[in-house]
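See the structures that follow.
The two complexes that follow have chain A in common; it is paired with chain B in the first and with chain C in the second.
And then the complex of A and B:
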């Protein structure tokens, strides 16, 4: 049972990791907590659904188009709605992100309001039984896709000039400006990247789960929990936090009580904030006077 | 002393809801009926019940109405959310000033509305939500026009035990009032017959994976599973059940799901072939007994996709019209309530059990059939292997 739970938890955790990472990308570069992020996850899934079911595209090109579209939406959101309020109070950013989320949800409700929609399976293969352990195409595809994406993402951060630019802005926006980096454009791209990564999460969960306009709400909480566990602002921590959360849900549900699955994320947030507020990889805030 | 008139006026204003006008919402040619349902949100597929009800009103209206009065629906969205539902009810009662209320999917919302509506005193026929506490204890103005959770829960357990050699029964449910309204009476019935559930597991709304629950069941391997889950979670649970090699265990679901749409969502018959649901109707959804109701809905809502929920509120509409006819042209709220109390053994032509209301019992529908796939086709059953 442990192996099966671990596999299932890793698959769920991979999605949470993506959602947490995408939240962190935006938070780290703009210090804005995107409360509308769950709805970006949902929107990515719905765009893919329209392309696959409505227009008959194959899953892969549909997924790519959906991710690009969500990247564009993220950039437009930043340029059109975040930049104009940059000089205002910080709460304005959070409220704007909430407004975006509810707008997207409202649009989805208007179009698909009364249906729970099935997304065609990506790898609809017969489960493989290895003793008591069942390997499914969906789980393997999710884990592999997320692993490849994360590998590429962190390789880009570590080994490329773009990565150095990102590190520079993360360390000091003022310093980055001084060396000629367009920080405003960097923020736009961060919003776009966050939306695109979130969309990947939505697209991956859609065939396993079902689509409805409120799909993103639970993923937002999971993303926050993973961020908290990994440490606010830590990209690697967000990924690890997501995986740990996925595993914790499965273990708690199977070994303690299934009622705990849904509240594991909240319990983790409470526990981490009490015991280690900076999370596993967060940096302790040091104020020099 | 100068303040006395003001005080009396304020008192009268406060007491107004309880002294609601007997003919509020009534004109010579219209009876306004507040129809609340979850027209948006992730439980919005349940609002098909209210669509079916309003199509029934349209049919009655096309035939001339009742004593020359048209049934005019004033639609309000609850979103299956308690706060939103309370706001909707207050708007209908105090702002729109409807004559009566009918509808309401989502038990949690309906339970929360009960005190408000009981105090307001206008007739309310609950046409979809199943929780027993909506209509028990009896409130003079609140009538239940569908099988309640207690009736359904017991019918579910009765069907489960009608399968020979059923000894081990596991239960999986949401942790909300709706799910408990099915699973508690089902468990009570099982215990009365000497069967203790092997597991009572939770799967919350919005969960996208049921691995932990299914693996727990795999250890016990029950003979039958009772699932009090909403549509999306039912499909996820059935998928995972098959995935982990337990697809041959029969699963008994609630009236909150239906076979056709569960099949559509899951995508293959193999996954749902052992799934059974409470089926409160006289025939299969595509059977001749239901055809006239399907035609009626499509006549007034041509684009409406029909599901199991589409017909559930119609029976209570039939009962309402019978009571309105009996109340006569000089209609008042009290007269309507008195006539609803006299509805007895009413064959609605849509529900599998008749409606009977008395002054002491407003839970009008006491039984339900079951539907399952037989030879790949949805079939109405009264017990395991016995067609209805």
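And then the complex of A and C:
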């Protein structure tokens, strides 16, 4: 029982980790919290769905095309909608991202109506039984994909100049500009990367759950909960927070009450922010006047 | 720039002319347009409440939808279980909303600001909606609660025209109250906190008290809107207080103009009237409000009120008595 819960928690958590990480990528490099992020996740899954079910593409090429498309959308969004209001107050960014999210959600609803769409399963292999524990192909595939992606992502940050660039822009945009970093382009690419990573999360969840336009809203809150747990803005913390959230949901659902699965994320957000606002692993934020 | 006494008189006349003329409106409405008119008044209060926190205080709090729901449920539960007449539940719902606002401000005062505040209030709103669904003994679950049919002092709840006059009176009082609040010392302090909280504190203004008041007034307005909404629809559901309400509220604030009372009224009236045409298709409403917010942020960040201000000093809203 515990092992089974841990496995399903880890596979859910892997997706939350991905969503939280993609939110953090945008937040760290642009200081904007993207409230439309959940809808980018949802859109990625929908694009993949259309390619697989509508055009008959295989899953993998469809997934790649969807991720690239979402990267493009992220870049366009940054360039077309965020850059023009860069000088304004922060509330403007939040409202802009909310508006984008609702627009995407509305488009999805206009096209698909109130249906929930089942995505064909990717790994329809026989489940593997290890004692009492059932390993499904989807869970293994999800965990493996996320692990590989995270490995690549953190290797890129540690071993290439991109990591230094990220740190430089995070510490001081002006300083980064002075040493010759094209900050505007960096912002665009960060939005693209965030959207693409989020889309991967959406595509991974699509075969396991159903697709519907409101999928994004729930992912947004889960992503926030994971970020909050891990300390807002910490990349590693976001991943850890995602896994913790996935496990917490499963345990709370099994051992206390199934209705709790839906609200674990809300409760965690409220608890953590009230008791320990910097998150479980975060450092104290310095507020500049 | 000082405003001439003639302009001031014109402004007062204009302010009172609107509700007086509005009194005649039910003569020219059919049941459908009367329903839309009533919705406009509720939207006005909602937007006024939203604008208080987002525009005047400059804080990102998403709990207003939750307070709206609290007010609506409080009104219906007070009618059903305590047997209160609807009119008496209006101030009660306002107080419940204000209590919610107090909670939100307590969170804000813990140093949880901007994005954190947005996220925690978002979580709070969703948590409440979950409660509406699961606390079915009190709230009726997903089916919602119906309001009782009996009238009070000859006032039938189902009558849209009678409702209209009550709604109008409540709205006028609260709009005037908000205007006066913003023109007072307290209103100046609220705007000063938005501009620079530390500088405001250094002038000896108790910023904590200012923030609490702004949140509570916002919660009060939205709570009252909830009580009106319950009577207007005749039934409260958890779904009415979902996330779609959020973008609607933001759109109304932005179109009208952040931090402007005139803007709140304009935004609410315009955006309640327009989307009646798009409501038939699922998803169109979300696209409409989403695009409206995007366009306003890009092209007219100060909203319609700023255009009117440029047109004539009559529309100036200043934070002192003139």
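The rule is short, and it goes like this: the second predicted complex is superposed on the first by the 285 of 289 C-alpha atoms of A that agree within 3 Å, B and C clash if a C-alpha of one lies under 4 Å from a C-alpha of the other, contacts with A are read in each partner's own complex, and residues count from 1 in each chain.
Methods note: a residue touches a chain if its C-beta (ideal position, glycine included) is under 8 Å from a C-beta of that chain, and two chains touch if they have at least 3 such contacts.
Owing to the predicted nature of the structure, the values given are computational and were not obtained by experimental measurement.
Peer 1: Clash or fit: what happens to chain B and chain C when chain A is overlaid?
Peer 2: Aligned through their shared chain, the two binders clash on chain A.
Peer 1: In the superposed arrangement, which partner chain does A:96 touch: chain B (first), chain C (second), both, or neither?
Peer 2: A:96 contacts chain C only, not chain B.
Peer 1: Please name the chain, chain B or chain C, that touches the greater number of residues in chain A.
Peer 2: Here the partner covering more residues of chain A is C.
Peer 1: For A:8 in the superposed arrangement: first (chain B), second (chain C), both or neither?
Peer 2: A:8 contacts chain B only, not chain C.
Peer 1: Which partner does A:262 contact after superposing on A: first (chain B), second (chain C), both, neither?
Peer 2: The answer is both, since A:262 touches chain B and chain C.
Peer 1: Does chain B (first) or chain C (second) touch A:213, or do both, or does neither?
Peer 2: Touch status of A:213: both partners.
Peer 1: Taking the superposition on A as described, I'd like to know which of chain B and chain C A:129 touches: first, second, both or neither.
Peer 2: After superposing on A, A:129 lies in contact with chain B but is clear of chain C.
Peer 1: According to the stated criteria, A:116 is in contact with first (chain B), second (chain C), both, or neither; which is it?
Peer 2: first
Peer 1: Looking at the overlay, does A:228 come into contact with chain B only (first), chain C only (second), both, or neither?
Peer 2: Touch partner of A:228: chain C, not chain B.
Peer 1: Taking the superposition as given, does A:84 touch the first partner, chain B, the second, chain C, both, or neither?
Peer 2: After superposing on A, A:84 lies in contact with chain C but is clear of chain B.
Peer 1: For A:253, using the defined touch cut-off, is the partner it touches chain B, chain C, both, or neither? Pick first, second, both or neither.
Peer 2: First partner only.
Peer 1: Intersection of chain A residues contacting chain B with those contacting chain C?
Peer 2: In chain A, positions 109, 113-114, 213, 217, 259, 262 sit in both the chain B and chain C interfaces.
Peer 1: What part of chain A is in contact with chain C in the complex they form?
Peer 2: The contact residues of chain A facing chain C are 33, 35, 81, 84-85, 88-92, 94-96, 98-111, 113-114, 213, 217, 221, 224-225, 228, 232, 259, 262-263, 265-267, 269-270, 273-274, 277, 289.
Peer 1: Can you tell me which positions in chain A touch chain B when the two form their complex?
Peer 2: 1, 4-5, 8-9, 11-12, 109, 113-116, 118, 120-121, 127, 129, 134, 136, 205, 208-210, 212-215, 217-218, 249-250, 253-254, 257-259, 261-262
Peer 1: Along chain B, where are the residues that touch chain A in the complex?
Peer 2: 39-42, 44-45, 47-48, 172, 175, 201-204, 206-209, 211-213, 215-216, 219, 231-232, 235-236, 243-245, 264-267, 305
Peer 1: Note which residues of chain C are touching chain A in the complex, please.
Peer 2: 54, 58, 60, 107, 110-112, 114-116, 118-120, 122-124, 126-127, 130, 134, 198, 243-244, 246-247, 250-251, 254, 281-294, 297-298, 301
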